[in-house]
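So, here come the structures, one by one.
Common to both upcoming complexes is chain A, partnered first by chain B, then by chain C.
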Partner chain A sequence: MESWEEEGSVSGSGLGAGTDVELVRQAWRNEKAAPEILPFEEALVRRLREQIQLQEERAEELKSEGMEDVVVSLHHMDSDRALFLLKSYLRLRLHKIEKHLFFYSSHTHLFARLSPEEQLFCNSCVDIMTQHLKQSVLNKLPQHYQSVTRQSTSSEDDDMVDSPQLDTFVFCKTKTDVGAFQLDDTGEEIVDLVVDDLYVLRYKSIRGLVESGQINLI
Partner chain B sequence: MYARRAAQLLQELSTCDEGQLPPYNSDKFDQVIRECEEHSKQFQSLIREKNEKNLDIEAKNEDHYGSFIHHLSLIRNKRCLMAYVYKRAEVIQSYRWKVGRVLPKEIHDKLNFSEQEYFKNHCAVIDSYTKDLDLDLTVDVIPPKDPYIRVRVLSEIGEVSLGDHSVSLSKDSLHSLRRTDAEPVISQGLMEEFME
Partner chain C sequence: MAGQSDPSLSIFSAPEVEFLAEDEMIEIVPNIRMDALNLLCGDFGPFLPQIACKVPLWLAVALKKRGKCSIRTPDWMSVEKLTQVLEAERESPREFQPLPFHYVEISRLLLDHAHDDIPEVYMVRSLIEDIRNVRFHKVESGLETISGRTHAVKLKNLSAMEVNIVRPFMVRVLQAFYKHDSPEMVQQVDTSANKRPQVVDRGPRPAFGKIWYIATAHRTP
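Presenting the complex of A and B:
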């Protein structure tokens, strides 16, 4: 029993109690529930990758010190799980980018939310998708209808670009007391957001609170 | 009715199960393209007629509304064709995550040339992203329950060194390996996860 508790404290210094894992998990949950892409957690991702690396090294060390297999395997398990979480987070983001390619590449404030690698990914995807659409459809259409983003030359804005559904409802939990919060522009709908309470609201109205970290999506 | 064929094209796609593709219908696709050309011709001739009558630009006679309908039908056709190609491309790119870099023949045969090219390009884009990041995102798709998995070897691999020990992977033998060691070999198709 004794040695188990000791081990508990060892993994506590690794990933077990790691608040970074918890933070990534929350970032992953937010990303999963939000209809649009959220700012990339660059520092967090970097820290977590370093910790996973350390944890792996620690496991190898323990093994070479002749630690029991089950303990070593617990360490591996822990880092494998953290790695899965990280990959799943990055994958989620790629899928979101893939879904609204043209939208993200043309809205600078959203494009800025992507990591440099993701920006590269987005641009390359736009290129190959444009090439594919031109080759299959646009080049065969009459002259004034060949734009990817506009219906015809008489369109005044990008009316062919699909955008994320911000009106959708999300489940969320408040992290801090927000107080009376206005849900619409007219000020007719006001809800009192109390700390640690659950709500189902339109994503659009709480968008700012998600970004400032006052509310978590679940 | 104008734009009916284009709608049929999309119906074909939407009656397919999620993640499945019907063969690329190039006959119907080309018919819709020809329809578009016809609309464009009609549109221009109506505009010409209107101009010949030497009416005020603002005047809205039957030629004006007629040409407008051709314009709208053309746009509707365009949106349908774009949706057809785009939706298919979305399914095609999802194969990279589900099936891998090489498509089985039955899927490959359903794509047209541009789509095959698109798939190759899209794989390359994902590869360059994972290379920049130094993390392979296409493995570990299921949350790990155990760092070890049971695998069955499908074809003779021979002696392989894993970490500090070496394993002899002969055909049809069963092993318990680290998931991270086994996954690349599994995706190469040399072994499979063994389920009891």
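Presenting the complex of A and C:
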């Protein structure tokens, strides 16, 4: 819990803009807009969870102290809003994992983006799905066609695994001046990213900026 | 489910966009005395009668509903400012005027819950309605200018609700153009017809790509 103290004090001093609620809100927005799963905000989620719990306890305390109803209900509203964000964030990630189960479980660098609980979820879903597919279809097929991830034993790669579509377009807002930014590999498509401008860009070309926090998806 | 919108298109539902707007700050004038609130989203107050202070919109609406404050209409929502914006919107067919990112939701919430605090409320309501219509029209006509080789669309000053409305259509259009415009796609037609047209890696692109500066959104059904 020492680490919590440390991280907590950094963001705890901020008003509005730097609060954990604000950070989770941005993480939620990015997660919603991004076609692939983003790294799990572990420390942030843990901090906010504790804060919500404390706030709920505080609201109960205020109530028992005979504080005005309005103050108590404002505290409840505040923690409910944070709770909604947190729940929605976690659910959203489960949806994404479920959608591309086999893809995430077979790509180690993406699998590492999941929280331990999500990894467990992913693995058990893979097991259940595999079992289901085998029982209902695959075991009845000729021997060469029984793989869950490949069309046949002659396939060179996992051609039956659906992957997130990174070629899609996303709406985004720049947080800082990025300057001239290359949109594709050949360097023939350059866009000048000015702070606070709104663009629709191909996710694949800006995913690095999303991860480094220079651009927000909206 | 906690109001989850369809994740397949990764769209925010309208209530979710409103939820985000409720965190925008607004000025209120309390008519009660209340200690400072230490909330998860920040510290606000102390609240003193007739002394203006800034709070998030959801807090302002909650207090207003209980008759404990009046909400100060933001500057941009005055008849004078809105008239200027409307005129400017009409005069520049390819640009959007700067308005708060959540102007649609904020004005809607204020008109719903604090109409008695807004001077010339009928005028304000109809001006905002007009501004929305002019902007939506621009978005519609802007969509017509999207074509193949559109790699980026710049939408300066487009608001959150407008983004949300236009997103599904815009994303699908850009994706379709992008896919059919790819050099591999064109080659594949004459090499093998049975091969799955999968666009995995993008080859060199022609040098005459364009970046469109347009306006955006279509009406909700």
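The rule is short, and it goes like this: the second predicted complex is superposed on the first by the 200 of 218 C-alpha atoms of A that agree within 3 Å, B and C clash if a C-alpha of one lies under 4 Å from a C-alpha of the other, contacts with A are read in each partner's own complex, and residues count from 1 in each chain.
Here is the rule we go by: contacts are C-beta pairs under 8 Å (C-beta built on N, C-alpha and C of every residue); 3 or more make two chains touch, one makes a residue touch a chain.
Not measured: the values here are computed from a predicted model.
K.L.:
Applying the document's definition of touch, where does A:D177 land relative to chain B and chain C: first, second, both, or neither?
P.N.:
It touches nothing on chain B or chain C.
K.L.:
Look at the residues of chain A and decide whether chain B or chain C touches more of them.
P.N.:
Chain A has more residues touched by C than by the other partner.
K.L.:
Using the touch definition from the top, say if A:E50 reaches chain B (first), chain C (second), both or neither.
P.N.:
Neither partner.
K.L.:
Looking at the overlay, what does A:R91 touch: chain B (first), chain C (second), both, or neither?
P.N.:
So A:R91 meets both chain B and chain C here.
K.L.:
Touching A:L198 in the superposition: chain B (first), chain C (second), both, neither?
P.N.:
In the superposed model, A:L198 contacts chain C only, not chain B.
K.L.:
Contact-wise, after the overlay, does A:H132 reach chain B, chain C, both or neither (first, second, both, neither)?
P.N.:
The answer is first: A:H132 touches chain B but not chain C.
K.L.:
Determine, under the contact definition given at the top, whether A:M77 touches first (chain B), second (chain C), both, or neither.
P.N.:
both
K.L.:
Once chain A of both complexes is superposed, is A:E61 in touch with chain B (first), chain C (second), both, or neither?
P.N.:
The answer is neither, since A:E61 touches no partner chain.
K.L.:
Scan A:V21 for contacts with chain B and chain C and give back first, second, both or neither.
P.N.:
Touch status of A:V21: second partner only.
K.L.:
Which positions of chain A sit in both the chain B and the chain C interface?
P.N.:
73, 77, 81, 84, 87-88, 91, 99
K.L.:
Which part of chain B faces chain A closely enough to touch in the complex?
P.N.:
33, 36-37, 39-40, 71, 74-75, 78-79, 81-82, 85-86, 89-90, 93, 97, 112, 114-115, 117-118, 121-122, 125-126, 128-129, 132-133, 135, 137, 140, 143-144, 146-148, 164, 178-180
K.L.:
Per the contact definition, I'd like the list of chain A residues that touch chain C in the complex.
P.N.:
Answer in residue numbers: 15-16, 19-22, 25, 29, 32-35, 48, 51-52, 55, 68, 70-71, 73-75, 77-79, 81-82, 84, 87-88, 91-92, 95-96, 99, 167-171, 183-186, 188-189, 191, 197-202, 218.
K.L.:
Which bits of chain C are touching chain A when the two form their complex?
P.N.:
Residues in contact with chain A: 1-5, 7-8, 10, 12, 19-20, 22-23, 25, 34-35, 37, 39-43, 56, 58-59, 62-63, 66, 68, 151-158, 160, 163, 167, 170-171, 174-175, 178-179, 199, 202, 204-207, 209, 211.
K.L.:
What part of chain A is in contact with chain B in the complex they form?
P.N.:
Per the stated touch rule, the residues are 63, 73, 76-77, 80-81, 83-84, 86-88, 90-91, 94, 98-99, 117-118, 120-121, 124-125, 128-129, 131-133, 135-137, 140-142, 145, 151-152, 160.
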